[in-house]
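To start, the structure under review is shown below, and the notes come after it.
Chain naming follows the written order as A, B, C and D, and within any one chain the residues start at number 1.
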């Protein structure tokens, strides 16, 4: 993955979140506090605004900057999880304009590990991990099978919407939605949905043209 | 007028106000604070509740009691005006179970004089006086012409609704509605409407059966 | 109508009970009455202050009974001025032998009921004086009508007259300073929603989602004009222009401001309005010595606010800043 | 959506500006931040207290910055916990060399952002301790979930820990008393209407005119059950039964109560609820030593309220009643 691809991943994510902002807020209104779209958009707008000043940044540096920007503008649960998770990813990414796909997978692995550690959620708790954990699993398995990165990621992007939708059946155990108890069932988790958007953008940016 | 007729006047007024309570509140909502029906009803309910304990009271005493009850339960502009006005009427009524019709007219005259003095309103100011002043005038003129009391009062009762309705065309100069300025035009004055109800009851109670 | 109440008829009575339970160190209720009086009355020989009016304006007026402000507050039914007998109870409770000042808001009902009460109290041997607050510049002040309404500016009258009374001034002096405040204090408000009088059961008026009522009073009555919604900055400008014109406000003048929520507008929004008022005054070169922001004189659960300005001289400023200790307003604590 | 605002993005920033303009004798804003700190910091060598969270809960938390309570408050976006860099600014502002206690409400976002901030502050050499308030008995306290929410009981934590810090206690002692309060304090609330997050532009949920949400939090999130409307007495009973059961409350116990309006419910209604709470406790033989009624921890313009009980011993009572002087809470004035 090149630094250009990395940047376009985040610009794509910014656009997707902006387009889905009302929907993400509505999902959060049902089982939380109606701000997930607003939160992510605020952070990603800042990321996009600062990007002009970056010039040609190495992967580790740009990941670090995105992490810090999200950490200091998003707030809430998603700000802490995305921000501190990306800080861990940055530590894996090289001080270079390019990295191989195994390194991308490792960076995502560190991200997921950090989110799980900080948030103490497991699969089925109705959080962003209900997209990120199966996605990471498929990524690692696909690469282990020798499938091309672009193909694996496109498949994940296709599945991610379903994984997100499947959270509707779950009762929330972590995050604000957990306070609703059984009333949280029947609604899609907003963080799972935005995570699916991120994977779609990864497929678009680094998955090679189709 | 006998003390029985006097009592039945007030019981009739109590029932009329209760029946019109929502309407009086709605009239007051348009140009005031939505409480005229509630205010009068609270006072008249108390009058009716206390009546049982009166026994055979003389006219001056029963008028005095009604005055004090309204003064201490109605509140607002109408409580002060009705209460202090009836106190003046009580001073004209005899310490007897009966009075002639000229005395009734004099008692109403004192009431109207008191309301005008305390409230400083004149005809056309969009208040209860826009019913009470023409009514008093017609009463005095009819009695002076030698018409029977019952006939005069029935005619007034028939006209009073129109006088009240005519207040809709006026801009309020006194009372809470005056703060609305030109916006008060187009709405009937609640106090004028309840005054028309009182005259209807007077006709029913003291006007002789028809 | 959804409200935290039991029966509509019991609203005022039960609210007074709850206030006394919350503030036993400040308030007692005169038995069989709707009068709240100081739990610890001021010394004999000081002027008493009584205010009151319809309920629905909480914390006014019971919330201002205490050291440095009122001695008794008389509560009527919701938006209905109290009856003369109740006001007399308030006057008696406030009387410490040096006369009692009645602070009345300019509404026909209040004026007439307080007038009757004053006649009764004076015939019972208590010297009374009365001042009538009429700070609402939305309403034209005309000799031929009832004049302007009294709204949130009343709180500054309570505070300043109350401080002087606490110092032992005479009834004449306390009345004079109250009249001085009334001569200078100006207010205006707006509503974003109506309110629902409990006994009426439905909102007094209806506003669309892009409309406001300008020049609203504190009884849910419609204002002077219905107009499209404005921003906080535009609201501050609309109110202050009118207040400033009425006051002849000029650069270099010192003022106190009161940003008063009408019931449902949260402090978050009131603070934004406060910031805009401060900014407007800065631009006009007016010196903002004191600003109070919160709910001081409400209109049930109406959304909206009023802004009050009081030009200050040294004496009024000192009395405004003097210590007071009441349920709703406390200031002047000394600490390291 | 009708609110007294300018742009939705500027709501928090402009509200902070307005608060500082209203309370210059209490608050300063740390430049380039959303941190409000004491205008007159406490002496060196005393423990600092920092709280914070999303905005929309005004007067929490900036309203509690001052003598006897907090040293700094950190404001996030509306209903969004503040970011770690802002919290670090708050910690720095509160640090007087004796360590800083962070009072956090139990929400995933708050916990994680405060955790990150604490790591940063400690690596910058400031000793921190943290307590997590989780007083909402509507939510089941389970090891397998996030546990209970922190709501209005937080104010009692600020007050009691703040009083002890002001006396010069150590960080350990201040943390211990805060944890003691947290171990005892219990709350529960209900909503009559939803609220509208400014950036979302529409109400978070819809309630019919005869429905309420029971067990509501303070972020407009739905409660634990939707049910038919109740009277004030029934509401008090529903909340207190659950709180009392959780506390194992018994006759003879002494408690403090907090009757907290969620934003749009006027003091008239809160007072009625206060009266019912007092009556319920009387019936149960529980001694009500202290009751506060008003708006302490709101949820924008939500109509509704919460009730909090804190069992008292002599020390907690003394700390609760100790003098304090903040924008939103002042007590302990001495006068004749």
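Keep in mind that, in the parts below, a residue touches a chain if its C-beta (ideal position, glycine included) is under 8 Å from a C-beta of that chain, and two chains touch if they have at least 3 such contacts.
Keep in mind that this is a model prediction, so the values were computed, not measured.
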Max Cα-centre separation from chain A goes to chain B
Note: chain D sits from chain C at a C-alpha centroid distance in Å of 28
Per the C-alpha means, the centres of chain A and chain B lie apart by a whole-Å value of 75
Chain-centre distance (mean CA atoms) for chain B and chain C, in whole Å, is 32
Distance in whole angstrom between the CA centres of chain A and chain C is 54
Residue ranges of chain D touching at least 2 other chains are 78
Among all residues of chain A, those touching at least two other chains are none
Among line, ring, star, complete and other, the chain touch graph is line
Per the touch rule above, chain B residues touching chain C in the complex are 25, 29-35, 38-39, 42, 71-81, 83-84, 118-119, 173-176, 178-181, 183
The chain C residues in contact with chain B across the complex are 54, 76-86, 107-109, 112-113, 115-116, 136, 138-140, 144-146, 149, 197, 199-200, 204-205, 217, 219-222, 224-225
In the complex, chain C touches chain D at residues 1-6, 11, 14-19, 21-22, 43, 55-56, 58-59, 63, 67-68, 78, 192-193, 209-210, 212, 229, 231-233, 235, 259, 263-276, 278, 288, 291-293, 295, 298, 300-301, 303-305, 323, 325, 330-336
